[in-house]
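Both complexes below contain chain A, partnered by chain B and then by chain C.
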Partner chain A sequence: MQAIKQSMLDKLSVEQIKIELMRTAFGRQSVLLSRFDPRILIVWYSFFAVAPWFFHNKTILLGMLVPMAVLTLSSKVSPLVLIIMGIGLVSEIMYILFGSLLFGGSLEAVWPLATLTVKILIISLASIAVFSSMDPEKLSDALLSMGMPAQFSFGVSYGYRMLPILIEEYHNLIHSFRLRGRSPRDKDFLRWRSLVYMGKIAVCAFYPLILNTAKRTRTTVEALEVRGFTYALISPDAKRLKLAYLRVKPLDFVFLGCSALYMIALLALGRIFVL
Partner chain B sequence: MVSAPRRRYELTQSQKLMVFILAMSLYGISNMFSELIPEIKLGPIEIKVEYFAFIPLTLCILFNPLYAALGASFGEVIFGELLLGQFGGLGELEKFIEFTLAMYIAGLLVSDPRNRKQLALASFVAVGIDQMLSAIVDISKVWFGIEELEAVPGIPESIVLIEGLSFLNAMVITGILFSLLPTLFLVPRLYGKIEPLLGMKPRDSRVQVSFGKLMTPRLLITSILFVFIGVTGEFLSEADINIAVWEPEFLEQYGSGFMWVSVAAAALVLIVTLYAAVRAKSKNSQSTEGSQI
Partner chain C sequence: MNSHRNDSRKEGPLAAAPIIELQEVNFQYPGAEVMALSHIHLTILRGEFIAIAGTNGSGKSTLCKCLNGLIPNYYVGDLSGYVQVAGLIAENESVSSLSRKVAYVFQDFENQLVRPTVYDEACFAPLNYGFADYRERADRALAMLGLESLSDQWIWQLSGGQKHLTALAGALSLDPDIIIVDEPVAQLDPYHARLIYDKLKLLNEQYGKTIIVIEHHTEFIADYCSKVVLMDSGTIRWVKPVQEALSSVEELEALHILPPQVTLAIRETEEQQRPDGIYPVTIPQAVDYYRTRLPLFPLQSIDEDAHAAKVSVPSIQSPATTLVQFDNVSYGYKTITRTLHPVLRGIELAIHEGDRIALVGNNGAGKSTLLKLISGIRRPNDGLLTVCGHLTKHTSPETLSDYVSYIYQNPEEMFIEDTVRKDVEYFLKARSSEDYRPFVDEVLERLRLTPLQDRDGRLLSGGQQRRATLAIGLAMQPSVMLLDEPTASLDASSRREMTAMLNQLQGRVKATVIATHDMQLVAEWANRVIVMHNGQIALDTDQQSLFGHTAVLELAGLIAPQIAQLSLALGLRPPSLSVKHFADRIRKLMGQHRSQEEADSIASH
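Up next, the complex of A and B:
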C-alpha cells in the first residue's frame, strides 16, 4: 500500500508532468491526414463538426462514424486520449440515464441517449483525427490565412519556444518553496493535509512566476518591436511571405471529393434504410 | 509630476501586446497543470479544479481587462489544447467566448484593486458567468441532440440536476479555493509592483469611473442571468407540456425552432454586450478628449 502511494505521488511530481508535456508538445509523427493542406482539413472538419447535429437518422450517423474511426486509428492517436474520451462520454451518458430513472423515467431513454452518444462521438473523433495529426504551427498558419488575427499564430510559435522555459521556472519555484517550507509531518486521513500544502505551494509559486514572466515579457516585446513586429502583424506582404509554403494540391481535392461522394452515398442509403 | 492631466488609463500598442503575452503564457502554463490534476468522482458529482481562475482574473483587474482576458483565452487554447494535442475544434470557440466574456466583465467590475469587497465580488462573478454560460450550452446540446426529448420522461430534469450540481461544485471549489482566496492574496501584493516591470503606471483608483462603465457590467450580468433562467424554465416547461400531446412531425420542427430561439437569444446577448462595450469605450474616449481640451 505504501509503495502504491509512493508511486502515485511520484507520478504526480512536477518532473513527471514536465516530461509528459514535452512529449505531447514536441513528439509528432507524420500520418495520413498530415499530408493534406491544413486549410482543406479545417474546412472538412467544420462540416463534420456541425453536420451530425442535423441528422436524426441513425443509418447516416453510424455511416459517418465509420470513416471517423478509421481516420482516428490512422492518425496514431495515443490510446490514453481515446480511453479518457471514452470513459468521459460513457459516464456522462450514464449519469443522465440514472438521473432520468430517478425522476421516474424508464429504460426507453437508452435509445435516444445512444443517438446522442453517436453524435458526440463523431464530432470528437473528427476533431481528434484532424487536430492531433496537424502540427500546431501549420494549424496556426492555416488559421492565419483564413483571417485569424496574427496574434494567435504568434502565440503558438511563442508557446512552443517558451513552454520548456516556463515549466522549468515553475518547477524551480516549487522546489525553492519546498526547501524553505516544512511539509506536514503527521499522517492523517487520505493525506489531505499534504494535499492542501501542495495546493497552497502551487498557488503561491505563481506570485514570483507572475513577476518574472512580466519582466521576461517586456524584454520579448521590446525585442520584437526592434524588429518591427507590430508592423509585420498588419502588413499584407509579410503575411504573404509567411504563408507562401501553403499550397492546395490535387491530392487535397481528391480527399474532399471522396468525402463528398461518401456523404452523398450515405444520404441515399439513409433514405432506403431508416434505422 | 508637473501638473499631469488626469488622463484615463491608456496603453500603447506594445503595452497591449505585453499584457496579452503575459496573460497568455501565465494562464497557459497554469492550464496545463490544472488539466493534469486528478479529479475525485463521487457518482455524478465531480470534485475537481476547473481552472486556476485567479491568474486571468488578477491580470484583468491589474491591467486592461480586454487584452488580459483575450490573452488568457488564447493561452488556454494554445498551451492547454493545441500543444497538448487535444484541440477540440469548434467546441473551443464556445469556451473561448464564455471565458473571455466572464473575465472581461469581472475585470471591469473592479474599479479599485485595493478594495477587497470588489475583489471578492469579481472573483465570484468571473467563475459564475463562465460556469453558467457553459451550463446553458451543455443543456442545449443534449436538448438539440435528442430528437424526442420531451417524449422521454425524466431526462430534462436529470440534465438540469446534473448541470446544477456541477455548477455548484465549480462555484465552491474553483470559485473559493482557486479564485477568491488567491485573488485576495495576489492582487494587493502585485498592485503597484508589477506595472513598473511592464513600463506602465498602476491603474489609478482616483480616476472617476463613468456611470456608463459601472452600469454596463451590472446590466450584462443581470441580462445573462435572466437568459439563463429563462432558457432553463422554458426548457422544463416545454418538456412538461409536450409529454401528453406528442406528435413526431410537429415536435421535430418545434424542437429545432426552439433551438434557434435560444441560439438567437445567446447571439443577441453577445451583440448587446459588444455594442455596450464599444459604446462605453467610445464614450470614454470622447469624454477624455473633451476634458483634455
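Up next, the complex of A and C:
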C-alpha cells in the first residue's frame, strides 16, 4: 500500500508534470493530423468546435464523438492531458447534478446532462487532437497567413520558445521557497495543511517569475529591433518569404471532403434514428 | 593560403579606409545627469580585432550601441558628433540598415534568442530583412561556426556555450562586416569562452570580419586581440596595441582590471623597470622570456616549501565528523522521450567537518546535480545519501534546510521577496525564531548590505546580488553551505571581494562546497578539490596537486590559472598558484644561479 502510494505521488510530482507538458509541446511526433496544412486544420477545427451546439440529436452527437476519439488516439496525446480533461468533465457533471438535486430535481437530470457532456467532450477532443498534433510554429504561420497581426503570431511562437525556460525557472523558484520555508509538521486528515502550504507556494512563486521575466525582456526587445523584427512588420517581402512553404495539397482536400461526406451521412442517419 | 589572403587584405586599398570612424561623439541618456559618452574619437580599421576594456558604467556598451544605431534611434538621447560605420553615415541611417552591417551579441545572449530551434534562429534576421536566400545564409552561418549538427535542436536543450554560438550564428547570417560581442567570458566557463574566441579569431582571419569585444579578462585580450581601447567614465583614455596596453599594469589596476598574471610575474622578478614599459603578456612570450634568462631550462625544481605547505592541509584521513555521506548514489532524470538520462553514477563521497571543497568539471559533469541532491530538492534514484544524520530520501527539503543552505547559480531565482532584508529574514520568520532582528542586522552588516537592505534584489548589480544571496544563506545558520558558481559573471574587483567573503564563512559553517569554473578561486580558497567528469568523481585531491594532473584537467575541460600554466611550462613542480609565490621561487633560483656563477668564476681565477 505504501509503495503504491509512493509511486502515485511520484507520478504526480512537479517533475513528472513538467516532462509531460514538454512532451506535449516538443514531442515532434509525426501523426496523422500533422500532415495537413495548418490553415485547413484551423478551418476544420472551427467547424467541429461550433457545430455540436446546433445538434440535440444524440445519434449525430455520438457519431461525431467517434472520429474525434479516433483522431485523439492517433495523435498520441499525453495521458496527463486526458486525465486533466477527465477530471474537468467529471467535476462539471457532478456540480450540475448536485445543483439539480439540491433544488429539488431528481436523477432524471442525468439524461439531458449527458447531451451536454457529449457536446463538451466532442469539442475538447477536437481541440486536443488538432492542437497537440500541430506544431506551434505552423499554427503561428497559419494565423499570420490568415491575416492575424504579426505581433500576435510571433507571440505564439515566442511563447513556445520561452515555455520550457519559464517552467524551469518556476520550478527553481518553488524550490527557493521550500529551501527556506517550513512545511507543516503534524500529520492531519488528508494532509490538507500540506496541500494548503504547497498551494500557497505555487501561487507565490508566480510573482518573482513575472518580475524576473520583465527584467529580461529589455535585451529581447533590443535584439528584436536589431534583427529586423520591426522592419519585417512593414515589409511585405518578409511575410511572403516566411509563408512560402505553406501549401494546400490535394491530401488536404481529401481530408475536408471525407469529413464533409461523413457529416452528411451522419445527418441522414440522424433522421432515421432519433435518440 | 589564408595567411596570404589575410596579408593582401590588410595591405590592399581597403585597409586604408577605416571601417568605423567616430569624431567628437557625445551622448547623454535622457534624464541622466552625466554624459554617457564624451569627446569620443575612435578609428577602427577593417580586419582589426579590438578589445574595449573599462569598469562597469564606463560607457563600453553605450559606445557599441552607437555603432548599430540603437543609439539614437531606439534610445533617444542627446547624440552629437560624427559616426561612420562601414561606409554609412549613422545619422542618415536606421537601426535596420546599420545592423545589417554590424552584428551584436549581447552579454545576456540567452534573451536574444527568440526562436524555438537553432535553425530558425539563424534564419530569423535574413527572413525579416526579406532576403530570398535566407536558407543559404542560415546554412552558411551555421557552417562557419560548425553548428550544422545542432541545427534541429531546441534552444532550451543547448548548453551555455552552444547558445552563445547560436546567437552569433543568428547575427552572422546577415553577413555583417563588423561583429560586436559583449563580454563573452562573463556568462561562460573558461573552456567554452576559449571556444568562442577561437571562432571569433577564425571569422577575423578567414572571413575578414572586424571584431570588437567588450572584455576585461586580460588573458583573453592578450591571446586574441590586436588593440585595446581603454574607457573610463565615458571617455576613451587611450587606444594602444595589445602588448603595450597590457603592460600598463598600474593604470589597469587602478580601473579594477587585472593584468595578465604572466606580466605581473615578470615585472615582479625583474630588478628594474624597463624604460619602454613593454612586457610579455602571453604564456608563450613569457616562456621565451625565461628561456633566455634562466639557467638549466627547463627547470627541474621541486619546491620543498610547497610540500611543507601541503602537509599542513587537513588530511582527508583525519578523524573529523562526517556531515554528508554518499553511498553508491546514482541520479538521472527523464527526458521527453521518457528515457532516463543518467547524470550521476555510483558516487561515493564523504564530506567532513572543516572541508572547503571546490567541485570542478565541465558543464554537464553533474556538479549542480550533486549539490541539489545534498540540498534535498533532488532525490537519488539509487543508493543512500545521508545529510547530517537524515536520509534525504525520506526527508523534505524544508527539514534539510535546517542543516544545509544551497545558493543558486542564478541569484534572481533566490529573490522571492521584494526587499533584500525580507529575503534574508524569510527562513527565520518561517521558523518563528524569537527576535531575529539583531541577528539579521549583523548578517547584513557583515556582508555590507545594510544600505541596500530595502531594495529589490533583482535591481542590484551582479556583485551585490551575490552578496545578498550569501546573506540569505548565512541567515539560515547552516552546517553545510553549498554554492553554485558564486563568482560567475563578476568583474575582477567583485570577484576578489567574493573570495574574501567566502573566506569569512569559516567558523560560521562546518563545511562548504562550491561548484565552480573559477580556478583562481580554487587556488585561493579550497582545501580539497573534487574533479567531476561524466557523472563520476574523476579525482579527489587538494588544490596544490590538482594543477599537476594535466591529463585530468584536460579531460574535464579545466584551464589552470595562467601562473600555474607558466610554472608547469618552466618545469616548476608543483606549480605555483599565486604570482607572489612564483616570483619568490624564480628569485631564489636566480640567486642560486648567480652565487654559483660567482663561485665558478672565483674558482677559475
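Everything that follows uses one rule, which is that the second predicted complex is superposed on the first by the 190 of 275 C-alpha atoms of A that agree within 3 Å, B and C clash if a C-alpha of one lies under 4 Å from a C-alpha of the other, contacts with A are read in each partner's own complex, and residues count from 1 in each chain.
The criterion applied here is as follows: contacts are C-beta pairs under 8 Å (C-beta built on N, C-alpha and C of every residue); 3 or more make two chains touch, one makes a residue touch a chain.
Source: prediction; values computed, not measured.
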item	value
Touching partner for A:Ser106 - first (chain B), second (chain C), both, neither	first
Partner chain(s) touched by A:Glu225 [first = chain B, second = chain C, both, neither]	both
Partner chain in contact with A:Tyr160 - chain B first, chain C second, else both or neither	both
Touching partner for A:Val81 - first (chain B), second (chain C), both, neither	first
First, second, both or neither for A:Ser46, with chain B first and chain C second	first
Superposition-derived comparison: chain B or chain C, residues of chain A touched	B
Contacts of A:Leu211 with chain B and chain C, given as first, second, both or neither	both
Residues of chain A contacting chain B in one complex and chain C in the other	136, 158, 160, 204, 211, 215, 217-218, 220, 222, 224-225, 229-230
For the chain B and chain A complex, residues of the former touching the latter	13-14, 17-18, 20-22, 24-26, 28-30, 32-33, 36, 38, 41, 43-44, 52, 54-55, 58, 74-75, 78-79, 82-91, 142, 144-149, 152-155, 157-159, 161-162, 177-178, 181-182, 185-186, 189-190, 193-194, 197-199, 252
Contact footprint of chain A on chain C as seen in their complex	68, 70, 74, 95-96, 99, 104, 106, 108, 111-116, 120, 124-125, 127-132, 134, 154-156, 170-171, 333-336, 338, 375, 377, 396-399, 401, 405-406, 408, 410, 412-416, 426-427, 430-431, 456, 458, 472, 476
In the complex, chain A residues that touch chain C	15-16, 19, 22-23, 26-27, 136-137, 157-158, 160-161, 164-165, 168-169, 172-173, 175-183, 204-205, 208, 211-212, 215-220, 222-232, 235, 237-238, 241-242
In the complex, chain A residues that touch chain B	12, 17, 20-21, 24-25, 28, 45-46, 49-50, 53, 56, 81, 91, 95-106, 108-109, 112-113, 115-116, 119-120, 123-124, 126-128, 130-132, 136, 139-140, 151-152, 155-156, 158-160, 162-163, 166-167, 170, 199, 202-204, 206-207, 209-211, 213-215, 217-218, 220-222, 224-225, 229-230
